[in-house]
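See the structures that follow.
Okay, so subunit A shows up in both of these, paired with subunit B first and subunit C after.
For the complex of A and B:
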């Protein structure tokens, strides 16, 4: 069926508007003067050099990267184990467990932030690496679990049966058949969790402190005081990094995974 | 085997438990420390009531805009031969940190921002139009931030539809509009409602976008909580407001969930 012209016009406009603010930020980051303007009144790498020369910014960047890598690896491992545990479990048990795993998606982030703040202050873990990491593990879990569950469901059962019939031990079936077939799901899980953790700000800003902060939280604090082009430069780095990761997901598993996950989510009872 | 499954699920169970303890602690703490009196104070405070009302209407309008705009784009993507290419334009901005995207709108909407400067250069205005720090700016920002969620949700349900149903409708003499109204739209309602509930939930709990684009005057619940923590240092009030936020989100999303259940029932009955 053809689309009406109005539909096409709205769609094309949105495809321009969605990336527009990001393109503007990248453009403004090359301003040689201390004013945010687009198009920039000239071209310079000044603000990128300032970013690279600032210990505070580089530290925040490194801390964000470490948190995101650890969160991605740990949640992915936890999610693979959970998906294997729930595979072929009774339907009711499975759906109850999945609802619990996806629960963080059903709560507003500002409330989650306060909840963690209260709980971590009680354990004296507030303002440090461990506290932020724990929050990120919980927030990443739904995003890590779903692609793996999708992948696991797509595995052809006759392959694991064949392995068993041919005399493979359960452990061998797991490592030689199941895990290799889960690779797209694991890749998607790692990349999703990394992105979620690396970008998270609403919950994280309640949990950072003078000793430990993440890049998006520092950007937020900085914008709140003064929006100068150094923020534009750092933001541009983040934008390009994210775009690179999206292309990587496209290469490794295909962007279709975003749609499959959505479908999976709708079938799971909420 | 049973024990093995439990062991595999244990790490995920720990994350679930940690989340449950955090949320449970939040609700429990708001009653034990603040008490019912605190809620009575909040609910009789004119400022809080205004913030509450603003949270509701801004979230509802954001959701409406997201659905109305996302639908044509999702339809366009579902029919496009170059879907993957367009998906990159939708997904990349989606995954960039909210702070960075909001910052882009600050650069666009500021008094010396891109929009005002362009209008001035075109000779259309003499003095800058005040756009930043208005509810309109918050609406634009939130819609931009959450739009991709709805696009993906609707796209996913459109791609699942059997295209032959639309063809049948056209062959039987239905116009393009009738086919859309009677076939395509009803079948995609699960995606629409799923996307809408997600946006509603996230918009009520948003902090960064309303704070940076709306300023401190036009507060929402999330920004009010933020202020209580970081400027007033009143943890009890923030906790009680976070619980209020949970209730507001639940009440707002509940009708959508009921609608979803009803639609699922009727569609499974067909």
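For the complex of A and C:
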């Protein structure tokens, strides 16, 4: 390996620093006392039991899970339809539409939150499930669209032509050839959209209300009032869940699908 | 594949002034072709000559700008590819990677709504036809190049199309496997008596496999005839040059031999019709020249003979055993018989 000692030291430091916050949160969650501290002064499951025993926390968890599942499924369906439509669109239209779909990646999330707040007030949808869902659909769209579009572009045109000449109508070509070959993209889209929606705070914070809130937003509001390690316990559960889903993506389709997206992004006209 | 007909009953294809342009390019330029049921046809030409475009027009993936195509008396017109009774083996084969061998072959049968047991039987027969019966459960990724080739053939043939189009399906294979599959393909065509249209840029492949060969250049049909016709009676300078090797000479170049070609014509003298040394003395047209190169290939040897510095050397094919102690730089006599030479229009 031709790495200089300095490069090696920086690499090692990065590898230590990157997961450090996660280790601190997980460590602090086992504290027996009512203060966030690292290293924990002892070991106990107290804050995990507090989380599981609290109706408010469990409700927030369940609402987050429902919104993440609905957002993942709906965004993925929209992304498949968009990718199929844009695949045949003229290059200019496709490029413009892709820019719009990817825009949430570039926009400041606080601005998106305020924009949604104003817009949802006009529609009288503030503080409810529908409002949060609409925001999450927009925020998940880039993560749903790219892996599906990449999968679609990897399908050789001769495969759909082969289906056609073997007798398939366009609808049959879609269900028997295109959709099965899109499976890696669809799986990546579902899992990634779920993670984005489940972990989202900045935009969601503007849109939740007394009757509907999500787990990350609840954590944020809770930490304003008290610094007890229950938030560390919940965060540890979220970390575990996210890590599990990322592992699942890697096992099912490989994380390479996101690297491909990056490469493809470089070729795309600005 | 039940009830294979003993004589071809379908697959008569008529093409009438088919023209297709892409921008300023005339990809297919007024092509007329009359193909009989059960024939093995090759479309031959260099890349970009329009042969693949014509194939895609017959398949229905491209629409001709003008002209008519009819299959067994039925106008193909704007019929979509799935209603033409035409099969296609793609250059990259286009096997479905998410399906097994048997599922690939069953694909078209399922779309036609055949009963499950009937499909299983037809798939088994089709796979037996291409000698792949043992591999029906395999995934495509587990197959070799030659096996994939056969799956693609079985998938197309199981539907008993009137015409099977093959778009350079052997081009990705190594030479030995290619020769073997050429033989198998030819045998398969004889057995199924399906009209085959085989696109290739390899003239040897076209001549050895096809009953008749259509030679294309710049979108135009140069000649349509049997392999012997093309070789012995080429219709144009392009065909003479593209099909086999040839010494093509004009009147000025032949004057030194005392030979005069027909007016406004070129003579096409095949390398194997030339002789050198003692063998040349009995031939009516002779000149002295210098051996420039000798390529010894075993059964025969290819020599380039220069008559004078400026002129294009002649290519001569002699028996491998006749090389003896010939060496580059030696002087020899080059001879040929003008009566055996074909003539093509000078322009």
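Going forward, the second predicted complex is superposed on the first by the 267 of 270 C-alpha atoms of A that agree within 3 Å, B and C clash if a C-alpha of one lies under 4 Å from a C-alpha of the other, contacts with A are read in each partner's own complex, and residues count from 1 in each chain.
As a convention for this text, a residue touches a chain if its C-beta (ideal position, glycine included) is under 8 Å from a C-beta of that chain, and two chains touch if they have at least 3 such contacts.
Note that the structure is predicted; figures quoted are calculated from it, not measured.
Touching A:119, do we find subunit B (first), subunit C (second), both, or neither?
The first partner, subunit B, only.
Return first, second, both or neither, reflecting whether A:158 touches subunit B, subunit C, both chains, or no partner chain.
So A:158 only meets subunit C here.
Determine, under the contact definition given at the top, whether A:246 touches first (subunit B), second (subunit C), both, or neither.
first
Using the superposition on chain A described above, determine whether A:176 touches subunit B (first), subunit C (second), both, or neither.
It touches subunit C, and subunit B stays clear.
Per the contact definition in the header, classify A:167: touching subunit B only (first), subunit C only (second), both, or neither.
second
So which one touches more of the residues on subunit A, subunit B or subunit C?
Greater contact footprint in residues on subunit A: B.
Please identify the positions on subunit A that touch both subunit B and subunit C, taking each partner from its own complex.
Common to the two interfaces on subunit A: nothing.
Of all residues in subunit A, which touch subunit C in the complex?
156, 158-159, 161-169, 172, 176-177, 180-181, 183
Taking the touch rule as given, give the residues of subunit C at its contact with subunit A in the complex, in rising order.
59-61, 80-82, 84, 86-88, 90-92, 94-98, 107-108, 111-112, 155-156, 159
Under the definition above, what is the set of subunit B residues touching subunit A in their complex?
Against subunit A, subunit B makes touches at 5-6, 8-9, 11-12, 15-16, 18-23, 25-26, 29, 69, 72-73, 75-77, 79, 84, 86-93, 95-101, 103-108, 110, 112-114, 117, 144, 147-148, 152-153, 155-157, 159-160, 166-167, 170, 176, 179, 190-191, 194, 198, 201-202, 204-208, 211-212, 221-222, 225-226, 229, 235, 238-239, 242-243, 245-246, 249, 257.
Subunit B touches which residues of subunit A in the complex?
Against subunit B, subunit A makes touches at 1-4, 6-8, 10-12, 14-15, 17-22, 24-25, 28, 35-38, 77-79, 81-82, 84-86, 89, 97, 100-101, 103-119, 122, 134, 137-138, 141, 145, 195, 198-202, 205-206, 216, 219-220, 223-224, 227, 231-232, 235, 238-239, 242-243, 245-247, 250, 254-255, 258-260, 262-263, 265-266, 270.
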